[in-house]
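Okay, so chain A shows up in both of these, paired with chain B first and chain C after.
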Partner chain A sequence: MVPIKTLLPGMFAATTILLIIGVALSSLLIFAWHTGNIAIYFDAYLWHTLQITCLQAALSTLLSILAAIVMAKVLTLVDFRAKSLLLKIMSLTFFLPSLIVVTGIIAIYGQHGWLAKICHWFGLDLHISIYGLQGILLAHIFLNFPYACQLFYHTLMAVPSEQKKLASQLNFSHYIFFKIVEWPRLKRQLLPTALLIFMLCFSSFAIVLALGGGPKYTTIEVAIYQAIRDFELLQAIVLAGLQLICLFLLLVFSNKFNKNSGLNISSVPDDYKLPLSILGYVVTIFILTIGVLFILAPIVAIIVDGIYAFRWSLLTVPLGLAILYSLIIALGSAIVTLLLSLLLLWTNSRLLLKNCLRSSRNLMIVGNLVLMIPSMVLASGFFLIFFPYAEDPLFVSLLMIICNGLTALPFILRVLEIPMYDITRQYSHLAQLLKISGWRHFSIIEYRALKPLLVISFSFAFLLSLGDFGVIALFGEQSINGYSVTTLPYYLYEQIAHYQSGAVTALTLLLLSIALMIIIDRNRTHYDHTK
Partner chain B sequence: MFFYRIHLILSKLSIISTFFRYSLFIFPLLFTSAVFGQQPTLTVYSYSSFMSEWGPGEEIKKGFEAECDCQLKVVSTGDGVTILNRLRLEGAKTKADVIVGLDNNLLAQALQADIVVPHEISKPENLNIDWWDENFMPYDYGYFAFIYNQEKITTPPTSLHELIDNRPNWKIIYQDPRTSTPGLGLLFWVQKVYGDDAPKAWQKLAEHTVTVTKGWSEAYSLFLKDEADFVLSYSTSPVVHILNDHDYRYAAAIFTEGHYRQVEVAAIVKQSQQKALAAKFLRYLLTERAQREFAEKNVMYPIIHIPLSKPFYEIKPVTKALEFEPQQIEQNQKAWIRAWQLAVSQ
Partner chain C sequence: MITLNKVIYRYSMADSEKSANLEEVMHFNLEIAKGERVVVVGPSGAGKSTLLNLIAGFIQPTSGEIILNHQNMANIPPGKRPVSMLFQENNLFEHLTVAQNVALGIKPSLKLSREEKQEVIDILSKVGLEKEVKRYPHQLSGGQKQRIALARSLIQHRPILLLDEPFSALDQALRFEMLDLVNHICEAFSLTLMMVSHYLDASLQQFNRCIVINDGTVIFNDEPAALYQPANQTVAELLRLKG
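So, the complex of A and B:
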């Protein structure tokens, strides 16, 4: 029914993915058995870990969503020149490397951060510790709230101006208007957004490791790392299983409630603003200022500290090597991701066209499988097999390329899945007529039509790999005669750990990320126009 | 053993030497054996700080290679625990001849894993402490201690009880026993002094803890940035400040209950095909030159009695050493760590 030639690319990609995951998991299991360390602790601390993981994720989600709603509402009320720039920045903080977030947060809220300095200047002695739950929450809110906010903002802006005009004629208060007009629209978007944030916070690693302040505030992901370091492999597997169950339940739950999310926001250009009282205006400006400061301060702090701390002597060879390794690994993993996703989607689009919905769904599940498996588990599985080569730079780079490439896959699939299908469907008759298929089909049709999207996907995968701090945490310690693979985030972590001037490294990483984000943004605009 | 890292904070990077080190590294090291094929290669497994720019490894490697007519290949991997685990995993296939960097807390585990053979080196006359083992050769030792700034703290605690009861509300930073050697040392120390009451002591300590860090260096640099009054480190820590900056402000609080002792050891791997050369390397570690490297780069006490630089005699000496038997550690370590986790998570 479906020719084998069309199936082949997807099958190949799916087999590769399954093989990689299978090898990693089975090696972990075999070694767990082999070490003879079969102690599993189902004790109070395990439940404590689970509770804290859920608690911090729930609090982070709740606070991010609340802040996002308030800020989105405020943004709809006023206009200012840099608004579109602000919205762009807001959609990007979500993808900042987590260690950049940690650096920024420490620079602002640390014991010797900007906030403490300003308070000190006013004669106030501020003694807030950044370590613990508050630090984790702060970092998670910084990471997630702007993203949610710009989503909500676009929803609120889609309220037709007729309704707004009517509301102001009827003398609705802002509260009533929000309740009966805006809230029903927001509600539909609330759950998917909250779930996404919850899932990301649930499996948070670098932020919790750096700001958690000890065993009291930890996540399952950090506990897996600890267990692997102690070679309590079976315990690591149990923890990974626990995480898998939680995320799976969450997904089932979300699918159940998520059926009516086929939300189509048609952004109508709309200039009408609800009238504001003077008090309302003051409050709005106040909230807006706080929000903007909250979002921009850590980023500005990194830039300013980086420039301030800049010395030519800080551009050391280790930093150069870290940049080089980061770029090579990111380039490699972006290629892996793009290749795998194109192979999967090539077959997927044709399966959908032939109405083979089930096969298509199975294929996509394979592509998204990595979302459920902690990257630490994947990395440690490989780590155990390739232990003897753990200090060979070439080998470690290759391994990181594969791991990072797989980790980015679900995100890229999301970007490309629907456009690939649309383009295939659109040209299917013409292609059949002209007998265009295979490589020529790709180069003539997909490549030309989707070029901006392919660039976006590539940059996106590049960005995700560039900021990765997880896999390298296991491999960075290995070396021969003192030489080892270091990536920018790992180098930054080492520097933060030593309270060295990580400023320049952080700035480098931030600038690289911003450059990629600009590429993504440019191409997105380009794609939206050509569509 | 993590002390070399203080140089990271106190001294600057030398670009030229780093460039030289790293430029070699870009080319895979695979062909080194082909080039130097005529000489035997002795493979040493050690912790990552050993070979770092501030560790004793580089000098020791040079010194030994000058007299052994061999190549030394130092494979670094995390810390003592990682070395042990790696050898366990590699089993009979291991390429290691010598391990440098286990300590007295890992001995029972290492014996049980059956990875070493007796070194057959006779006990030297001039040992600094009465510690010798037929399988594991000690090369340096030190005592865990809390370090403070004498300008800020004028009446330091004189016992562990006083520190943990903590009337003056001192702020304390220590390390995670799961990921750090001093952290593990504190775990045993508290266990030795408090026994079954240890969980209560941990809870009291938790009330005054700024943060529990992953490693020694995070904790110590936070302390130097004035974020805490006391930091867990070694009694020899003030030596670095005196040596590098003539800074006499920092001191170790000496406790009447005694201080937990760490003894770092080296051993010959069971699978080694070059046991004679391996033994030669171990003997080299006991020479005055190597011992001086360990003392000054690791900032620990040398195991052999050698004349030391002045600061070692200027710091306050520890009067009583505490240590668990290896078997006690092996049987209880996991349980104690779980108890600690639970106590500080309340």
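So, the complex of A and C:
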């Protein structure tokens, strides 16, 4: 039997999570129950929304994956100095705040963006509106394609150099080599990656809200938000239910295929590349340049535009308040996330050690439950209960801390789960001999051994909360008296929505995010070395 | 058949302790006649694999000539050289069947005519694996895998066979069995063989010639038995040969 003392931390965390989610969901359900006729909301608009949501997610996924495969292949063909830096950037754009992505995309492809300016300089007048499906797709590809690309790149680089040598001896063309050697390896990774991207695009909120350009292109997530703003609460509930069912089905589907994603990313130095013809080389460099420009231009544009637009007078009180609120809320939710995940994993590691696989799995399901419940659903549940307090900054901050903390939980669990178990197992006998347990066990073993990972988790949760634009969109709207909570993403959205220049706000948010990413990267390197 | 004329190969090696790049130079002069069977030995890191990679064309010499079949091939890509090469591992593509792996030696597109399919079966019977055509590499033993790789290099009809420690992962008895097979095949197909080995036992006597490499250059080039002559004591000591 597992002693109650080891069960307690995990049970406490799980109960808290279930309670929070339960309260939000039941408030939605009770409200629906009391209002009666739900059927009127199952109209054409609902199906249209569902169709558009699926369509944009499917297209975004398809294009991201295709671009990722081409770019990954190109990257394996050439070596250059900044390659490892580029790969690092590619693995991080995935976690950029979505409103930063929006700003960057507008800065490049917008009506007064860099692309239009360059075309104008050449005497071409470009009149493509960024708002609509094209804008959504562009932003989703920018967000997801680099991440998929660096995953695929590592898979392609894991092809043993002997096989590359054999291929060139057997006169394989690049096409044959891709078909026979690389494609079978990529194929295994394709579906899990595609499902992840699809799911993220499916519940995409800020990008669709900012770039969708009206009700024609809306996702369920945006529709929930708009329904609440129009006080069509019942419609919001129907939509939230629909979103919940879709995400549940997607999760079940992806779990079915996710069984074998145990990738062995080996960093064996590759010492051979297939010979490349001059034409092949030119094409490779061409694709590479476009890919690099596509990834870096929006980020560079934010930095340049931000510096260019900088005036001391732009450092207003609202901006300062937004920064302050953002930092406090991010700090709070990072603490919540780390605390919950450590409590869950403390018990989980010990359950695994005692071979209680089923209890461990149930515990982890509770921790990952939020994946299924989008923050907009969570927020709308709380919105219904706590509507009277919606103007109290302290309350809204607390609510955001809890919601953001929960949203980040599955990601942090994924980072910490295996290392926590490994370290517990590794020192299990030694700890028993030396009678190290409880808090002392944590401070001597987990804390010291996993410190870089804990810093990574904390920064990661901080970053996710910092960039969040979901819950705040609901509660921020109530700022009639000017005392309400604003965060950096909210402030930025207000500026974008009112066609003001958000350059300085975007730069601030971007720099904060980059700082966190550097902390994450440093600690990742440190951890990999000490392991 | 194989002539290396003043071949110089420079490369830089990252030195992690000094965090600087050290430049190393290897130079080879070598002449091997058609049909010879040569074993290449020497301390690890001495340049044995580099020598084979130069001949196969996976790396290019900084200067000098690599003459294969009376033609300087120093800058010819590997696929156009009269050379096939096998490695210690990863010689087969795991998701292709035995027959497909061999067929790659005829056509990378795998679209074979009936005659070519028969050729695959014939060559597999030469290495005693004609019954395994439909199986996948992971269903085979280490020795069987190397036999199939050997069959594929035979079907390429290339007169020079390079082997980079292909049997090092096999046990003693199997290793000698494979060496017998290779010798037999080299005679039957009149191939020129160069094989890197780290074994300094009786297997050396199966070759016409032994080349010892140290510090990126050839320090001994004679028949294997000569290693035990008093004149070559320093080489024997370097290899820790017991007399």
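As a convention for this text, the second predicted complex is superposed on the first by the 515 of 531 C-alpha atoms of A that agree within 3 Å, B and C clash if a C-alpha of one lies under 4 Å from a C-alpha of the other, contacts with A are read in each partner's own complex, and residues count from 1 in each chain.
Rule of thumb we're sticking to: contacts are C-beta pairs under 8 Å (C-beta built on N, C-alpha and C of every residue); 3 or more make two chains touch, one makes a residue touch a chain.
In this text the structure is predicted, and so the values were computed from the model without any measurement.
With both structures placed on the common chain, the touch criterion links A:165 to chain C but leaves chain B unconnected.
Which of chain B and chain C touches more residues of chain A: that partner is B. Of the two partner chains placed by superposition, only chain C is touched by A:181; chain B is not. In the superposition on chain A, contact of A:47 is made with neither chain B nor chain C.
By the touch criterion defined above, A:173 reaches chain C but does not reach chain B.
By the touch criterion defined above, A:447 reaches neither chain B nor chain C.
Contact with neither chain B nor chain C is seen for A:248 once the two complexes are overlaid on the shared chain.
Touch criterion met: A:31 reaches chain B, while chain C stays clear of it. Shared interface residues of chain A (contacting chain B in one complex, chain C in the other): none. Those residues of chain A that touch chain C in the shared complex are 160, 162-163, 165-166, 168-173, 176, 180-181, 184, 272, 275. Partner chain A is touched in their complex by these residues of chain C: 56-58, 77-80, 83-85, 87-91, 93, 95-96, 104-105, 108-110, 156.
Taken in their complex, chain A has these residues touching chain B: 31, 34-35, 39, 41, 43-45, 48, 111-112, 129, 131-132, 209, 213-216, 226, 229-231, 313, 316-318, 321, 384, 387-388, 390-394, 477-484, 496-500. Of all residues in chain B, only 5, 8-9, 12-13, 15, 18-19, 21-26, 28-30, 48, 51-53, 57-58, 61, 73-78, 81-82, 85-86, 88-90, 93, 95, 176, 178-179, 206, 209-212, 214-215, 217-218, 221-222, 224-225, 227, 334, 338, 340-342, 344-345 touch chain A in the complex they form.
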